[in-house]
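Mind having a look at this structure? Questions to follow.
Labels run A, B, C, D, E and F following the written order; every chain starts at residue 1.
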Amino acid sequence: MFYHDNKLQYKVRVEKPSPAFANMLQQAIGGIEGEIRVCLQYLFQAWGSRGPKKYRDMLLETGTEEISHIEMLATAVALNLEGAPVSLQEEMAKDKVIGAVMGGMNPRHVLSSGLAAMAVDANGVPFNGSWVVGSGNLAADMYANVMAESTGRVLATRLWEATDDPGMKDMLAFLIARDTMHQNQWLAVLEELGGLQGVHPIPNTFPQTEENKEFNYAFVSTKITDMDGDGDSMMGARWTSGPSMDGKGEFKLVRAMPQGGEPMLGPPDPRGHAQKEQMMGEAGGMMDKIKDAL
Amino acid sequence: MFYHDNKLQYKVRVEKPSPAFANMLQQAIGGIEGEIRVCLQYLFQAWGSRGPKKYRDMLLETGTEEISHIEMLATAVALNLEGAPVSLQEEMAKDKVIGAVMGGMNPRHVLSSGLAAMAVDANGVPFNGSWVVGSGNLAADMYANVMAESTGRVLATRLWEATDDPGMKDMLAFLIARDTMHQNQWLAVLEELGGLQGVHPIPNTFPQTEENKEFNYAFVSTKITDMDGDGDSMMGARWTSGPSMDGKGEFKLVRAMPQGGEPMLGPPDPRGHAQKEQMMGEAGGMMDKIKDAL
Amino acid sequence: MFYHDNKLQYKVRVEKPSPAFANMLQQAIGGIEGEIRVCLQYLFQAWGSRGPKKYRDMLLETGTEEISHIEMLATAVALNLEGAPVSLQEEMAKDKVIGAVMGGMNPRHVLSSGLAAMAVDANGVPFNGSWVVGSGNLAADMYANVMAESTGRVLATRLWEATDDPGMKDMLAFLIARDTMHQNQWLAVLEELGGLQGVHPIPNTFPQTEENKEFNYAFVSTKITDMDGDGDSMMGARWTSGPSMDGKGEFKLVRAMPQGGEPMLGPPDPRGHAQKEQMMGEAGGMMDKIKDAL
Amino acid sequence: MFYHDNKLQYKVRVEKPSPAFANMLQQAIGGIEGEIRVCLQYLFQAWGSRGPKKYRDMLLETGTEEISHIEMLATAVALNLEGAPVSLQEEMAKDKVIGAVMGGMNPRHVLSSGLAAMAVDANGVPFNGSWVVGSGNLAADMYANVMAESTGRVLATRLWEATDDPGMKDMLAFLIARDTMHQNQWLAVLEELGGLQGVHPIPNTFPQTEENKEFNYAFVSTKITDMDGDGDSMMGARWTSGPSMDGKGEFKLVRAMPQGGEPMLGPPDPRGHAQKEQMMGEAGGMMDKIKDAL
Amino acid sequence: MFYHDNKLQYKVRVEKPSPAFANMLQQAIGGIEGEIRVCLQYLFQAWGSRGPKKYRDMLLETGTEEISHIEMLATAVALNLEGAPVSLQEEMAKDKVIGAVMGGMNPRHVLSSGLAAMAVDANGVPFNGSWVVGSGNLAADMYANVMAESTGRVLATRLWEATDDPGMKDMLAFLIARDTMHQNQWLAVLEELGGLQGVHPIPNTFPQTEENKEFNYAFVSTKITDMDGDGDSMMGARWTSGPSMDGKGEFKLVRAMPQGGEPMLGPPDPRGHAQKEQMMGEAGGMMDKIKDAL
Amino acid sequence: MFYHDNKLQYKVRVEKPSPAFANMLQQAIGGIEGEIRVCLQYLFQAWGSRGPKKYRDMLLETGTEEISHIEMLATAVALNLEGAPVSLQEEMAKDKVIGAVMGGMNPRHVLSSGLAAMAVDANGVPFNGSWVVGSGNLAADMYANVMAESTGRVLATRLWEATDDPGMKDMLAFLIARDTMHQNQWLAVLEELGGLQGVHPIPNTFPQTEENKEFNYAFVSTKITDMDGDGDSMMGARWTSGPSMDGKGEFKLVRAMPQGGEPMLGPPDPRGHAQKEQMMGEAGGMMDKIKDAL
């Protein structure tokens, strides 16, 4: 169950409001690298958690923290929109340099939200629930989480570079720090689950005797080497020789070569109403069947 | 540049066509864990690759291989749909057990594609380009790839469990093997980039002196311990004490506490046409400004 | 800022797990009438709230409560999926009646989430951030909220009818009660803002002297009465005569009649590469200009 | 059945074409507050209408009128795009102030539609059929309609503020007037259905004896009052004491407190291939079962 | 401007309601091959029409007719849902064969719309405005329309096969007839615009002297013939020799061969925070620049 | 199966990088007229191809070529982004004319992809799998392909007009040439399938004796001629008289007139919880049934 107070997790100050930066911040709210995604991702993983209770507990903790991050960013968006131009004529009368920046504003911040944050990204594309990954496999989910915090921290550092507002830089330095922690936190679970060799291949419950043993540690090279004459460029790479990362195989390099034949589908069902010519085949043999159907 | 031949990378056989299984296979084609996603993800990462050329080369190789996987799965869908019922009356006349399974069929396999695969998932939700992650940061991208191959392999093992068709099991055993390899392959890059301590926090180019140093290795517990009286359940966990995974800090446990005040937004811009009552504030002070505007 | 404990707001029991009912419950989680929508809607309205602080405070309270509702429903989905069939052959061997119900299962509950809830609706369509409405106009937002709680309560009563599991009926009776309260709560704000006559037309800050006064209280009937000879069926209705609901006009009935002429767009810009024939106009007059361009 | 003539419902004039304003107008066409939404919403409500015929009739009337509004706005977009720059070099040569505004143009107006309106919003996000609400409950639908006309009128007044083109202001004054009427019209139905006390809680056909009577008129406060020491800020508000708006209960204030225990899900199904460690539980008890499965 | 009456364009009768068929019909309403798409497509093409007025007029006519088709289909969905099961227990008590069919029902027809049509397809995926194609080039648009009526008629014939309800078959026979007409109608415009040789290549206003003349009538074969040894299978096909369809070139067969070199992107901008290792290049040369930036 | 080499199909040079043009190019990658769409469309049509093998083969060839086009465009985007501004302050310091153009940049090219292409269109809207059309009817699919290459070539010529970079113009001249070829190629199949009269109406396997013969060659005019007094403007058009394009009928002009009555749906199912008033009908007759249900 969830509770709140009326304060923010960390202070949010904006010295020089910038509607263009408000738009950029939306990526950290409603984008695929953003906070709504991680918030719902950790909470849904918690709510569907099967297995050791401590992971459910941790996911619930951090999922809850992320709500506070959405709140901080939504507040930052609203503050960056204070005093934003709301008409095109007003915009034209303004200093031209500001005008250019205004080009980066989201018109829906004026038209739809009345100068407030929305559940969209920096292109105005709405948040999409498909981004909320929870597979039921704890290790796969931890990688999904490391990935989310990695692209999230990359995003936050880019936002930090994009602004010179000290308040915004300070807020972002906090969020960047939290991403540092969260990367470490999910990695700690992976270590606890056995590290690379204990965890992989994910899932570690599928008997490897059942997988195709010719191709499970083979790098398949699709490059047509004879056409540009520079050899197999992958030869000698870490992923084409030596022990595999999971310690369960030996990397090798294999040239791509079809193992299957040419696929051959049956003729169309007459009631699916393909064209007549499709039912005859190359040699017209199915014509009788078609005639009956028509 | 890309080339093809007319054969399949691996053989695709279906002994007992099952329209319900055809629908399930769509998840591996057009779903977020599916092959269109990894195919485009690796190719876009390659095409935008900046830095050492060998990573661009490798991404291009495996991105190309994934096209062949989509082809295999699309063929498998078409073969599983051979002989599928195309009318409701036909369905009713059939054996009831088959009928029940038919409940799991995608009606668009009859109506829209004429018994062929589509670029959708097992709910008929179309493939979405937002799933194609390429951040420009190689380590973040490698985690995105490990994650994709992990949820992808989990999916493939579940499909393997869902069928007892030997042809389908054999094809899935091949795809599961490729996922094993691909997990290992992206992990090899991460090792080459320095392993946990060299790679993290991602991005490793943001000066950690600039991030908030009070919170970058602190587990923030949002749990209200006094309400259920069972203490800080996170105490002593791997992620609340000891050295951090990236070797650059020491984990600690911090109880959630607001660091920021209560946010205070300005009154609405009159031209944004909020309600009158919003412009007055609690004490009605902005009334004059409003009167002018009306 | 947000906090949690590990318990549920209200008890969630499932006596007879039903994967088909699990799927139906998804509508109340990730559907447009569902809890993620109201949760984010109230929170975003709070975070962007300009004007009297008490409304911001209230929105924050109820937005927080809604997270607990998502949690309850996600738990209910997971419990309804316990023991669900994970393979088609298993399904076939089962009792046929169960089999039929299984037809209503979401295959992604097996394939993607490992028997847990997802951020999707009962068709597997992902939650969409565009549903989160916050206009910056308090009265418009309150109507958005009444509407959300009304369609939400309709949904909850239908779910209540769809199951005979006593645990599920009890949980839904709680959620239905909360929707009753929330409808009343947003209506209380509308009353406080002045009721129908104080609040409407929304926004009440746009000077009505500026709107078209011929059509602002006129019901425009588009029905072609002479074609079916049964008169203006709207005559005498509450919305075609008498005082308007906002007390600021008198309803009247007007027959649809074009007030504008036939629109006439200019010829295409040659560089937009329409077909040649489009640039000539009916009489071919623009041919010269085209010739130059080609 | 539907008919047309070639004229517009109201005149559409543009004196100074503005591609940036053309883009803003798209919100009123293809946005969630826009005319495609209300058009389809009223028509679908009519086509699915069960109960008194007069409501079906009215919905059909106003749904038809809204097609004419889409037509007006689409014409306005096309006229605002006349003479728009179609190349970047042309843009650069232009007056810089105009150039700044051009930043607000939708490039797809040049690239995809050839200077015409599209079925998208002001961010280029396509119209989405999920916005078309028709619940089958007349009162819920009327609130959906009041809400649509309220956010729609807020949008129209903001567009009115954003332009100083007299033709556009005149067209918008007409549309604003229609929104005034439509708000009143749907409210008239709600009055006819019994007003607040007759209509609520929606649906009014679910027996209130079946809902949870402890929580149906209780404001649940999730605020942790002891943490910031300013008391229950909701105390004494209209929604925490006194008769409820529907006249069927008495408001009260309740502090959030879990009524349910901690959720406890079963271990994962082995065939769902969670990680081994998840199946052991905290104490490793399920190991035997796993071993059999592997 | 638009008008209506209360009757249907063609009669809609359902003798044996079928909720599964109701779901299938949704494809013809809200699917990509459906009537909302063609309705909006023809209307938007009309509203943005530049050039001879008669095409605008025709598009307006047929766009208006399509609204009546949506109406017919929405009515058909509602009638097929009469008496549909609204609870799972009811379903279980029913005849098992019916039960199996019920598997094909859309649960949102019960939960969200109250047994009425929605703006979604047969998978419940919402109508998407991106499907509304209007390019501003009349010939391209006519092909978009022929294509829409072709996939639309294929869909309608499949629906006709899927049902044996005489009322539904009769309604579909009407819609199939209209698709026949509409295919012919758009083809008539293409003929009037000059037929294959006058119309193509579309757009016919781009000077062909500017296009690459080596590749504009060459079939590029990407097949690696030497790998399966069966020669260039495209040799001698209609599209590899002889005059081109537009009469402006001669088809030829060319083997795929890179005309461009290997792409070489610059190093990442340091402020984009790629990993350190990416900035060094293969040979580490950029290290100095990085050091400055950190 | 698929292969690659490391070179580009055609050279990609950018002399003056332009982030605004990079954004425009995205339409040709991830837009509905773009290369991901045609690539997947041709490949899915190939993989589901039933009937003469040569069409499958050809689709596979050209689908493979399109991957190389995505690669070229993605490279062009990355090159146009070299040196793009990554912070707002940097932008402000720049020449104002450049600044204005920067308004057309996609902020996610900085924030999300690190100056590389993404799978989105020129509005940042993600690629959508629903655009991948493969109906199983070869003629319908060929029209879908002609349409895709026609809107694609229109787009490419507009991009050609929008830039004056010689490298970009050269690359686009190549892509425009390929679109010329591909239009011709799909038309060649349509000719081979019998041309207009052999191919139409599509599908040509539905017996025309079963379609409604009163309306299959009738232009239905929905225009209300008596209201504007300018007669039936469609009279004498190619599509209202003379032989139909498919040679199987005679065009005629028919005035829109309802052939069906007024639809009449049954009362709502009580368990769907419409409002009470809906169940009574106009005359209140169903009250008894309702009372029982409550």
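Just so we're on the same page, contacts are C-beta pairs under 8 Å (C-beta built on N, C-alpha and C of every residue); 3 or more make two chains touch, one makes a residue touch a chain.
Predicted, not measured: the structure shown is a model, and the values here were computed from it.
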Message = Starting from the defined contact criterion, work out which chains touch chain B and chain E both, please.
response = A, C, D, F
Inquiry  = Of the pairs C-D and C-E, which shows more C-beta pairs in contact?
reply    = C-D
Query = For the interface formed by B-F, which of the candidate pairs B-E, D-E or C-F is equivalent, sharing more than half of the contact pairs by residue number?
reply = D-E
Key: chain F against chain A, contact positions shared by both copies (same if over half, else different)   = different
Request  = Please report how many Å separate the Cα centroid of chain B from that of chain D, as a whole number.
outcome  = 27
Key: Geometric centre distance via CA averages, chain B-chain A, whole Å   = 6
Task = Specify, in ascending order, the residues of chain C that touch 2 or more different other chains.
result = 1-9, 32-33, 47-48, 50, 54, 57, 60-61, 64-65, 68, 75, 78, 86-87, 96, 99-100, 102-104, 110, 112, 114-115, 120, 123-126, 128, 130-131, 135-137, 139, 154, 157-158, 161, 202-203, 206, 222-224, 228, 233, 256, 258, 263, 265-266, 268, 271-274
Chain B contact footprint on chain C (complex, rising order) = 1-7, 47-54, 86-89, 91-92, 96, 99-100, 102-108, 110-112, 114, 120, 123-126, 136-139, 193-194, 199, 202-207
Request  = Using the touch rule from the top, collect the residues of chain B that touch chain C in their complex.
outcome  = 18, 20-21, 23-24, 27, 31-33, 96-97, 99-104, 121-125, 154-155, 158-159, 161-164, 222-224, 227-228, 233, 256, 258, 263, 265-268, 270, 272-282, 290, 293-294
Message = Going by the contact rule set out above, which residues of chain B touch chain D in the complex?
response = 154, 157-158, 161, 224, 228, 258, 271-273
Query = Which positions of chain F touch chain B when the two form their complex?
reply = 1-9, 30, 36, 40, 43-44, 47-48, 50, 57, 60-61, 64-65, 67-68, 70-71, 74-75, 78, 112-120, 126-132, 134-137
Ask   = Touching chain B in the complex: which residues of chain A?
value = 3, 5-12, 32-33, 54, 57-58, 60-62, 64-65, 68, 72, 75, 78-79, 82, 86-87, 110, 114-115, 125, 128, 130-131, 133, 135-137, 139-140, 143-144, 146-147, 150-151, 153-154, 157, 160, 173-174, 176-181, 183-185, 187-189, 191-192, 196, 200-203, 206, 208, 210-224, 233-234, 237-239, 244-246, 249, 251, 256, 258-263, 265-266, 268-269, 271-272, 274
